[in-house]
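Here come two complexes built around chain A, the first alongside chain B, the second alongside chain C.
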Partner chain A sequence: MAAATSTSAKPFDIVATYNELLRSDPDLTMPIAAIEALVLLLTHSPSSTISETLDLLEKSTAHLKQSIPNPIGLSAGTDLFQRYLITTLQRPGQLGPAGDFNAIRAHLLSNGRLFIRRAKESRDKIAAFGRGFVRDGSTVLTNGGSRVVASLLQQAAGEKGGPSAVRFRVIYVLSPAKGDVEGSSAEPEGMETVRALREKGVPVATIPESAVAYSLGKADVVIVGAEGVVENGGIVSRMGTYQIGLLAKAMGKPFYVVAESHKFVRLYPLGQYDLPIEQRVIDFKTEEDVADEATQQQQQQAQPTPNVKSPDSSDVVDYTPPHLISALITDSGVLTPSAVSEELIKIWF
Partner chain B sequence: MPATSGPLTPGLASFLKTLRTNPIDTSIDNLISLLKRRQIRHSRSCATATAYLLRGVISASRTNDANKLIERVQNVGRRLMAAQPREMVVGNIVRRVLGLIRDEAEDDREGDFNLSEAGSESQPQTPRGLDDPTDVLSARHDGSDRGASRQPLPALTAAPISMFSLLSHPDTENSLPGTPVSASPSGRLLGHAPGKDIRAEVLDGISEIIDELTQVDDQIAAYALDHIHSNEIILTHTSSTTVQKFLLKAAAKRKFTVIHAEAFPNNHEATHATVSGANPHDDELLSTESFQKPLIALGITVILIPDSAVFALMSRVNKVILGTHSVLANGGLVASAGTRVIARAAKVHQTPVVVVSGVYKLSPVYPFDFDSLIEYGDASKVISYEDGDLVDQIDVQNPLYDYVPAELIDLYITNLGGHAPSYLYRIVSDHYRKEDISV
Partner chain C sequence: MTSSTPTAPSPSPAAAAAATPTTSTTSTPSTASTSSKPTKQQPSSQSQKPSKSATKSKDAATAATSAPAAPADSATAQLTPAELKKRAKAEKAARRARERAERESSGPAGGAPSGGAATPGKKDGSGGGGSAAGASGSKQVPRRGSAQNASQNGGGGSVSGAVPAGGLEKSAGGGGGGESKGGKKADDKNVAVFGHLYGQQRRTTVAGAGKEVHPAVLALGLQMRDYVVCGSSARCVATLLAFKRVIEAYTTPMGTSLPRHLTTYLSHQITYLSTCRPLSISQGNAIRALKLAISSIDPSTPEAEAKAFLGEFIDSFIREKITVADQVIASSAAQKIQDGDVIVTFAGSSIVKQTLLLAHKQGKKFRVSIIDSRPLFEGKSLARTLANAGLDVQYSLVHGISHAIKAASKVFLGAHAMTSNGRLYSRVGTALVAMSAKERAGGVEVPVIVCCETVKFTDRVALDSIVVNEIADADELITAEPMQQLTGLPDPAAVTVSAADAKKGGGGGGKSAAAAAAAAANAAAESNTLAQNVSSPLTGWKESANLQLLNIMYDVTPAEYVDMVVTEMGSLPPSAVPIVHRMSTNL
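Let's turn to the complex of A and B:
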């Protein structure tokens, strides 16, 4: 972590900025927060040449990726930002050729808010596309705390008693709250959506993850969000999505993924354990190991270290392969999983 | 127009005959009622009628303004599509014509983009009011429709790379869609740039679509020898002419066996006629198809079976070749009833299923609700009304179509070649503009 110390010595700390952005606006997705952090980085560092800027971006991105336990989502944002910069510089047009680097820089710097707004607007766009998937009288099964799914369902529900309202029901799969050690004080992710939907008059049933197979018979369609959409059209999403996908496939229910196109990430996982992140979900232990850990913990409690946040307790993800996905509902339309690679190829090559 | 159609039975032939003589609005109404009454039914007939009608619409509207043309075609297209929403080819042709106009308009605009900046205040268009009586007429004719549809046009230029739309410069978004409204009329008034006759270009494009519709079966048949090998046993269903041509092409060089499921009750007569070579009394397919030799004349063994025997025979079949009614963007398809059973049986026996279909049948519509795609037909074909007692007591249904999900299909052969079902989205995006998907 040599890079970490050297960067944090500088006045601008990209990791802190990124975390702060995510904390300050709960509606912000990881890729957008990453883009915002990079924009702020550019504001703080006056660099005049293209290569200097690209170099700075690359370094900061690498640093950011290293310091975040699960960088899949944010790497979609940083990649997009970098490719946009490079492509715009190469393409002759209103903003290119290369001489106009300052114009691009100015555009990026002055429009940070605009990007966030567009990202949020794309959610509405998706909701508009996705409304067709929620039919009158149908039952939707969903999970997690995806904001896109929430906005889709809420838009489908419409105004209470309004003319456009679709009458549907929701089965919401709730996983136990994040900090489950501290007790039930923290409420499970997604409760907010459940409340909002109930307020709109949508009947919502909440079930634990273990009841998915049992409940799926009553559902007509499964709609989930995603943290990242990988190159082969599969998704990286919160733990438990893969099993819902498998069950939906086994039961012949359509399984739709709702994701903004800025979540497409250039990654080609071959399986669950091929993701570029460290997740200690399967942790084999003997009695000896358990005892070791207990003593270690006691030592730690005796002299508390600043690093108490363990990344593996929350935010674990799994990978849902493309053959389980019926369609991806994105802001550029309803795509089949195989269309994702094409979108990515367009920006990379 | 009954006066001009004379002794012809209403259908594609009579429609095309009267199209030349009737005013365009009568023809539009005529086609709408033909579609509503299901007097035009085959996919290709519907597509051909739509293409000819739109060619008439474009040539009748004497304007060179792309936006006016788009609006007019959209207006007509909406009415046609509403008349028979399940004939998705109608919408496909409308979208392709809209795409043509947009392409031409964009080519045009790239040329006069700089010039038009100067005269961009839109001037009152006095000449058009005079030389365009039909447009004025139609405006009065269905004024309510047009008033409702006169919303601002959707963005004409899609951002070149959609993923960048998030970061793109606001100028690139705003400048382009705004300009054509003012740019193209002024460009026309200035009278610069010869050969910028959008309307003529579009008419040429529609003629190309019509050509495509007449050639599509032969183009598909050209791939037959790649897919049908000697001594294979092929199973097919219904009297689809696309399939017949495909098989005939292969039969010219190779010997194979065809098992033909008869598609009772909606298509069995036509199927019997196709198999035996007895002339089908098909008045709609007015082309040379009716003079075609049947497969048996070429020495092919054809076995006609009832639909119920499909599963039993599937274990001996090498390949299933099917025609279709329309193909959807997710790779699924809507085909005549009984197709899904066959596709399913083929899946159980791991027999490859090949679907032959012209690209014009490929619809950009995503099937949200499969049930709404299925059309129900004449119940008396199942139980005739002479069996009054029975009809009174039971509910008879005769679905005309089946929805076949993409995973049951192994290959699509279109006039562009063979495609996996998962690749169809690509062909959709090549043929239709994103802004036209919901007309």
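Let's turn to the complex of A and C:
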């Protein structure tokens, strides 16, 4: 937030704010960062009418979505905020269309902050709901760097030696390390959680993605995080989740998804290739194409391009259909996939 | 689509229905032939026929029993007022029964056997309650038993079961004058599993409709019956528009108020419509909403104001629930169509048509494969419309489904209704298409998308397509369709004429070489028309034993076969249907 206020002199840049927010707080999820960025935008904008505000919001949202390679998680936040704004404005009374706009604005901003705080608290709530799914003596298979999964497992591990501690083991699926842009660490995503769990005395095995099928026989339950929960109860998550889901289904292991309810997206993918993002995962090439690319890369290295649209391998996602998911553990309770649409309809109508 | 025969009484299309999107279909020639049958049996059939009408069997029963009793009463000179009243009532009932008999005798001949075997039990029940003659009363118990037998084992041993029932029926109804034809043909023509769906025969003429039925409704009833107005949405819109005219023409009688009386007045119209064709779910929902609006009117409101309010209500209902809803659905469903897609659709849904046309207008490059089926061939007009719009269209009948589904990338389906357990209730054959798409062997499963307005949602639950369904006239299966619609073959009527000419020339002139050549040229066409017009092997199905025809209208697609339901309230999984239904009815 400090970063955002410092930029107040020049025109407000929503994309920069969003990225800054994500970088400054490692615990922040994409939808929340988006909402926070929008709230900051409103504090900075001099808009004085409702339609002006909505228009500004719409434009910045579109701009933000365009400049982020994978806007699925983000759009959950922006949609939610916009929806909240509209319902607030439609409500009769002082804060309705007839009311004083400055009051409305103040109300919006304070509520926006409240929302952000609640969203951050939701992780603890989920951990409380989800603890029951990690049984004594069980082995949990998980993947990725989901913070909710991490907090759930850590809470299940509890205080070292405490009375409520559950004794369980974790099989952690690690995707191979990639050349990180930040360059801070070359270690795979999730290594942090692995260390934290080991610190708490939880035995953790790390396996590569190719060993999932091999290891699944030793696991009792699969718990994964999600980037977005879509309308039919399926999830959009980091690449590799879908295959774990398929394998878990084939082996009859329960497959749980842990996600905050602000990750519910108004999106209805019909399959892997129906996501509203461009992913170049399958990229057919001949020798000629490879040569072409090499020369292009050399040219690009000469002039560094700002905000590259093509996502690097860490950002790619896949879609896990609802029939592979046993249950979704959210802050509004443990839901079946079909209950997700009910929740979404409740939010939207 | 041209009508193959100048048949069923089709009144000039009411302005109400003219505005609606309609799928026209040919009416069946066989009904035409039966409907033009002279109605000579009127007087004699009086006591035999009423047994057919299952729903109004009580009326019929009193008519049958008290009509012969009337002369006896008149012999006694002195009558108490109560007796007089009773007599007048009996006469009226008899007259009604006669009217009904007239109406039904002009209907398809299938009525006679169906009544003979399936409904005597019902008639007995009410007859026993009335003042039945002693002679027939003594026969009641065994008769009822045999009638039940007949309807129970109707499928396998229907002949043995039905014949005694028919015989008894004949002897019981003999008081009226002994119409023995019905008894002889008592061989059950109803498919046993669907026996409960047969109910009343569809109305064939406006004769006998109540005097309170508005002309616009009369016309609409027949249009629906003949599938001129066809399709769930079209029927719903047409009904509402007709009711709007009814309300415009309505004046509140003295001593009642509009909100109290109009509902019952509308009920007459609704009853008439449902005798023409069972009401669709959408019609039912619309009528329910309309009745709610009527009852919400304050009785002290001036009539003109109340009528204006209702007109406005109907207009906004159509706009919100159907017109605009269709646009919203089309635009969100069109988003799911991508370049290179092959869209499979079944029959002719207006909303799917709208979706495909919109996607085409948006410049998407895709192909459409239309699966169609007999006897309505609703896909033909869809194929024509899409092809005219410049889309690539492939048309095949449902037996080609396994071939057509191989190339498919998405399936779009229309709906008659969505039930609360997420199942799709739609034109028969839909389930087959959905299943083929989901269980396609050796390929990625194809997403099945249903486009459906929320006005078609129902709180009913469908587990199979047997309990709730609609049975159409089985004669529709026999009639050969004229072939010229899409294939470009010459009009069969014209061919027949020319063939006849050629024959005449060949027979009369004898050695005329030109005539012989013409005859030869026409030979193929002639045999073709012969096959169509003269002898469908099933023509005499009602006379032949052991042969039943089933013309079922709808089937139920399991929720697992549906990936997405596109409604005006967003895209949903089928499991969300009850929630949305609850919300859309509460709002």
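Going forward, the second predicted complex is superposed on the first by the 303 of 349 C-alpha atoms of A that agree within 3 Å, B and C clash if a C-alpha of one lies under 4 Å from a C-alpha of the other, contacts with A are read in each partner's own complex, and residues count from 1 in each chain.
Just so it is clear, a residue touches a chain if its C-beta (ideal position, glycine included) is under 8 Å from a C-beta of that chain, and two chains touch if they have at least 3 such contacts.
All values derive from a computational prediction rather than experimental measurement.
Looking at the shared chain after the overlay, A:T87 reaches chain B, while chain C stays out of its contact range.
Of the two partner chains, neither chain B nor chain C is touched by A:T241. Contacts of A:I347 after superposition on the shared chain: chain B is touched, whereas chain C is not.
By the touch criterion defined above, A:G271 lies against chain C but remains apart from chain B after alignment on the C-alpha atoms of chain A. The partner of chain A that touches more of its residues, comparing chain B with chain C, is B.
Once the two complexes are laid over each other on the shared chain, residue contacts for A:V334 go to chain B alone; chain C is not touched. In the overlay built on the shared chain, the residue A:T78 is in contact with neither chain B nor chain C.
Of the two partner chains placed around the shared chain by superposition, chain B is the only one that A:I35 touches, whereas chain C remains out of contact. Looking at the shared chain after the overlay, A:R118 reaches chain B, while chain C stays out of its contact range.
Comparing which residues of chain A touch chain B with which touch chain C, the overlap comprises 338, 342. The touching residues of chain A, when paired with chain B in their complex, are 35, 80-81, 83-84, 87, 93-95, 107-108, 111, 114-115, 118-119, 122, 132-133, 135, 261-262, 264, 326-327, 331-339, 342-344, 346-347.
For chain C in complex with chain A, the residues that touch the partner chain are 336, 410, 444, 447, 449, 563-564, 569-573, 575-576, 579-580, 583. Touching chain A in their complex are the following residues of chain B: 161-172, 329-331, 366, 368-369, 422-426, 434, 437. The part of chain A that touches chain C in the complex is made up of residues 231-233, 266, 268, 270-271, 274, 322, 338, 341-342, 345, 348-349.
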